[in-house]
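One chain, chain A, links the two complexes that follow: it is found with chain B in the first and with chain C in the second.
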Partner chain A sequence: MANVLHIVVCAGVVPDPLQTLEPVTGPNGPGLKNEMVLPAVLDPWAASALYEAAALAAKNPGSKVWLVSLGPKAKLQQVMMTVAQKAGFELVPIDGPIGGFPDAHSTAAVLAETIAALPGLDREKLLLFGGWESATRGAGVTLQLVGERLGIADQFQGVDEINLRDDGSFEVLERVEGGKHQVSVCLGAPAVLGWATGNLAEPRNNPQIGMANMRSLMPALQKAKTAKLEANGLRYLSINLPKQQRTTRVVKDLTPDQIAAELVEWIGAE
Partner chain B sequence: MSVETTATDSPSIAIDRQSMEVDIACAGFGPAMGGFLTTLTREWSAHPEDPAFESKAVPGMPLQVLCYERADDLAAGVSGVVTRAQGIRASFPQLNPAEIPMAAEVKQERVFYLLDPIGASRRSLTLRAADAVLRGLGRLAGVRDCAFELPWTPGFLHKHGGLVLSIGQFNQWVGAQLMATGLVQIWPGSPVAGPLISGKKVEGLRLADQGVEKSGAPAEGFMAGMDVRAQLTVVGDGPVGAVGQALDERLGLPEGNARREWALGMKFVLELPEDSPLEPGTVWHTFGYPEPEIFGFLYVHPERLASVGIFVPSWMSDPSRTAYRYLQHYIQHPALWRYLKDGALRSWGAKSLEESGKHGEPYLCGDGFARIGEGSGSTNMLTGSGVDEAWATGTQLGEAAIELLRAGKPFTRENLAATYESRRRASWIEHGAREAENARNGFHGGMVKGMIGMALAGLTGGRLSMSAHIPPVHKQIRPFPARLHKGLKLKDAVALAVADGRSLHDALLSARGWPEIPFDDILLVTHQDALLMGGKVQAAPGFADHVVFRDAGLCIGCAEKTCIAMCSGQAITLGADGAPAFEREKCVHCGACLWNCSQSPDDEHSNIEFRAGSGGLHSAEN
Partner chain C sequence: METILVLTHVDETGSVLTRASLETVTAGKELAARLGATLAIGIVAPSSAGAATAASSLASAGARLLAVSGEAFAQARYATDAAACEALCRAAEASIVLAPASSRYTRIAAAVAHRLGGFIDAHITAIGGADIVEATRWFYRQRVEAVLSRDARPWFLLLDAGTHAAFAGQPDPAQGEEVAVELPESRTTVSGLRAPSQGTQTIRPDAKLLFVAGAGWTKKQPDGQIHAAEAGELILGFLRASSASLGSSKSLVDQGGEGNSVLPFLTHLNQIGQTGSTPRHAKGLATCCHGEEPHVVGWRFIGERRAVSLDPNCGWTRGKADVVYVADAFQVMAKVNALLQQEGVI
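Showing the complex of A and B:
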């Protein structure tokens, strides 16, 4: 028996993490150099959550997916033209001056307030999805804070799989240390699931899905509410970027085993 | 690929191909399409109740205008340009460059002739003699840092009042405004396989199939590309775009026209040193180094960013023509190195430029279609300007489309010729194209003749120029002189490159006496590393290979294998069977392979096909 789910995916627009990211301190605190110049993508961890949500909704007729995203409207619009071809959803855009490293509490407050006001949302059917991490500016707590503000006690992080049961309960696989999964059983919605990569490949661009999304996407963008994030007087003591190291060699005729062994040695030397 | 609407896909496979009716279908989003859609939406926004903007494809709905772009992001354009911005400013009279990231008003223009500080450059005796005179005169002749600054910049090169732009950022800026109107849809990540053609009428576009093998055969998860049927198909997919190429194949070019002149533009986006004296809006044009045929440029953007690059033309007959390493030697020329040496590489990119101008102009319109931008032969090869012209052709088609919609006339060849083509013929674009038509002919007789011919055409408004027979591109590549010692040395270098895994062009240039590049991992990085800096090269899975070698036998027997040396992304390598092998995931879609092939199955086309493909270089700074 299918469960009717109301899945809300929180996903930010971030500078493409494969670009050269350089932290700088601007008038509003730490940020990334030339951030508005960098190409933007839907945060890859949260994008996994969106694709899982769409797949889950497809398996459970009557379900609905909302995508709540806070960011500059122009960037949202640009990114959505790609994302909208991959999965069906209703966009809930929030036009905000996101950039650099905004305060997670302020961000969570805006998101929770928006979700709480979604027309037609049944909180008893709510699965709040998002990324476990952020590829570019992860505070690591935003999704949990949104869940707390919405009064959702059941929270799971590092999720790779969810299996719904006929009675509405579900089994969740969360990543734990040692490359293993912890298996939990939740009695049912509402719950918060912070996704790792999941198990689905990135969907192909499907123009039909894009056209279907388009009917609601552009009006939603045009009516996007604006939000101002409170700085809360926070100071940032330090920000770390993942260390990038390139060692390029062109070698022919190595076996896959030899390549793997060399990669392990290279990673182990870090 | 063109698709006969009456034909089935394959007799053995039943393909469920979706179809959609729209009013205007557009292939490719660049400056030309930006001009077209800006003109259309501006008039539409001003007159939303005008029945001209009601859809005929979907009665009761507004005009359905859809644009499909191969790249995954509208900002993934590859070009840093300086433009007079005549057409762009006509569309945006109040344009404030500060609104567009990396845009700056042109402040200073200088032209330099670069001497060879290394001695490895392939210079003719005439040029060597001229160089010796300049070196002898030294500072008396204004030679500094092995560079002679022309005391006077020819008027036809001037870009006064123009703009230095990043095309990626400009496209993004235009695209955001267009989508904010809510009137048009621009879909990135959607390569167009080809036009839908019935007879000589274009009836729309077919998107590329997904879930296919490298060969294009359906595989697991096959999704047939959708047919988008339209009353007007706007073709703005550039010089190597699949739709434009298919139309050229199907309809041919006007009598006497041929596409035989190309160049590869490759450039770095650099962060200049903190104490750099170069002001935003600084523009340098150079010639003479690293090879006499290679022109170069330096454009300074705001925020201490600069675009520095070279153009490697098809008329550079050397079969080992390459770009990446030449670009590294270029930036190390003392005249540039003085300003760049403490800078850092931010990103890199490459693009083919269609340089035939009027010689390569296709049919600008036909039943159901019109062509705009670089693929329509709009680039002015005398002034070295293409973006502004492309934009203006788009605006002209936009005005024409509005006129026909308001008149209730169909998009037939006659109606498009009377509105779009006539506007173009009467405009500064056509005037400039006529002046430039034969300006570059002289280069087929050598660099000195080329410069004289260009000056003649430029200074006389095209009334005087040199005549030339311009051979097909595959014949412009000189065969290796296998009997000569020098040729054998080059062949040895090829063998060495294959044996020790070095990239071919590196081995070739080293064999010629060019010094090794002193990599510092900041400004001078390996070609492989450059592919990972400031952007990414990617290809969505499930698409077919878009570079196809027509006749493997010709490739195996080819001694030059220029396609490998000129491949901007090192996506073409030598396969075990002696034929080139293509790796789609490394292709930046520059299209250089299309015209850097010395073999031809029919004496006109090269042995390489460049089809519709997904992905490419994704760097918004380019």
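Showing the complex of A and C:
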């Protein structure tokens, strides 16, 4: 028997991981140099959450996926052109600042307020998805704060797998220390799941899904509300790139035997 | 005056504090001494006897000891752990709360901060400052380092493991003040831990050495063939002989996930870098990795770094590794394994 789920995925946009990042401090606080022109992608762990949500919704007819994303409207539009080809969802954009330096508590407050006001959302069927950490702030607290603000008492972080049962309960695998998973069974929605990589590969582009998404995507972007994020007393005293430049010894003229001997000696040294 | 609370929890024995907890105790002691603050330590344990044993190990810390104990805390679970830590924070009336960034406390610390009307910053790697508290953490997956501070209280700081020495005081009989917890209705049952199904536990956080396997292991070799089985034997043989932990690049892990039986013992849990972990080990040995910033990110907290690569111009090695051996990793690792087995080095 299928369970009807209302899955809300929180996902931000982040600079493409291959870009060079340079921090700068401007009148509005810290940021990245040329941040608005850096190519952006959907936050990788949150993207895993979106693909898992779409797969779960597809297996449970009547279910729906919302994608709530906070970022500059122009950036959201750019990234959604790609993401919309991969999974079916209703975009709920929030026009706000980009980057990892705004306070997580403010971000969570805006997200929670937006989710609470989603038309048609049944909180009893709610699974709140997102990445367990972002690739920007990387604190791993925003989703937890959103869940707490929405009064959700069952939360799971570092999720790699969810197995939904006929009675609406689900088994969930969370990453814990030592390369293991903690296995839990939750009686059902509502719950928060902060995803790690999951088990699904990135879906191929599907023009049909893209067309369906596009019908609602552009109007949603046009109507996106603007959010201002409070600093909550957070002050940055310094922001720097790491200065770990090592002197690399490149060894080209040793035989495998000689290299092995050197390595074994190095491994065994205290 | 600040009141600092260090939140700790016991390991699977039920009475021994985790190493990450003890590291946080050290951070708390240092911070309290610097600020002239009051120090309290909160313990979460599955029994009062376990809590007492844990408290005894902290007797010389010079801190007020508080404890929450009960069967409900035998396993890590959001609802019960959040209730326990909330009770400890309220009992201590803490203005600054330090907690280890264990999976257990990472799951709940932000929620507890919110319940107390406080704020949280996670993945803290250092705490400095004389007059104000200055916390250091990384942004953009260990690519930008920032020092921050907050005036708002209570302020929760989640400390990354491996950033402080573990507290090791003289054990002495001690009993923490028992703090009562109003348990919420539990909708989640924890059934236990599950290791990767491949049967080989290759992730060892306490290992001195991190061995990183790159995608080159499953590329065509000079004979035009792929030698994935041989690669797997060499890697596992090395891990057995050296007790190293295994990390991998995303590209190599993804090959396994796409149904290719290249290195079947690799999972996403092994992945390091942008979408993987950033482990802390004294030494790291990379093999068949190629030069991309995501790989470098995964190595941010590795002490001594060496690499074996066929590409002398590999971008990640220059300025990032201490030594790069330009050689065939298949040949080198076969010799290394033979030597390790002969000499029993580790």
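To be clear about the criterion, the second predicted complex is superposed on the first by the 234 of 270 C-alpha atoms of A that agree within 3 Å, B and C clash if a C-alpha of one lies under 4 Å from a C-alpha of the other, contacts with A are read in each partner's own complex, and residues count from 1 in each chain.
Simple rule for what comes next: contacts are C-beta pairs under 8 Å (C-beta built on N, C-alpha and C of every residue); 3 or more make two chains touch, one makes a residue touch a chain.
Source: prediction; values computed, not measured.
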Field: Touched partner set for A:34, first chain B, second chain C, both or neither
entry: first
- prompt: Looking at the overlay, does A:140 come into contact with chain B only (first), chain C only (second), both, or neither?
  reply: second
Query: After superposition on the shared chain, which partner residues are touched by A:26: those of chain B (first), chain C (second), both, or neither?
result: neither
Task: For A:222, decide between first (touching chain B), second (touching chain C), both and neither.
output: first
Query: Taking the superposition as given, does A:187 touch the first partner, chain B, the second, chain C, both, or neither?
result: second
Query: Regarding the shared-chain residue A:206, is it in contact with chain B (first), chain C (second), both, or neither?
result: first
Task: Please indicate which partner A:18 is in contact with in the superposed arrangement: first for chain B, second for chain C, both, or neither.
output: both
Query: Who does A:151 touch here: chain B (first), chain C (second), both, or neither?
result: neither
Query: Which partner, chain B or chain C, touches the larger number of chain A residues?
result: C
- prompt: Which residues form the common part of the chain A surface touched by chain B and by chain C?
  reply: 18, 20, 201, 246, 248, 250-252
Message: Please output the residues of chain A touching chain B within their complex, sorted ascending.
response: 16, 18-20, 34, 36-40, 73-74, 77-78, 81-82, 85, 201, 204-208, 210-211, 214, 218-219, 221-222, 246, 248, 250-252
Statement: As the complex stands, chain C meets chain A at residues 75-79, 102-104, 106-111, 114-115, 119-123, 134, 137-152, 184-185, 187-196, 201-205, 209, 242, 254, 257-258, 267-271, 274-275, 283, 285, 292-294, 300, 304-306, 308, 312, 317-328, 331-336, 338-340, 343, 345-346
Chain C-facing residues of chain A, complex: 14-15, 17-18, 20-21, 23, 30, 32, 44-45, 100-101, 103-105, 135-142, 144-145, 147-149, 153-158, 160, 171, 173-188, 196-197, 199, 201, 232-242, 244-252, 254, 256-257, 259-264, 266-268
- prompt: Which bits of chain B are touching chain A when the two form their complex?
  reply: 18, 20, 72-76, 101-102, 169, 172, 175-176, 179-180, 182, 185-190, 207, 210-211, 221, 223, 226, 228, 303, 346-347, 501-503, 521, 526, 528-529, 532-536, 540-542, 618-621
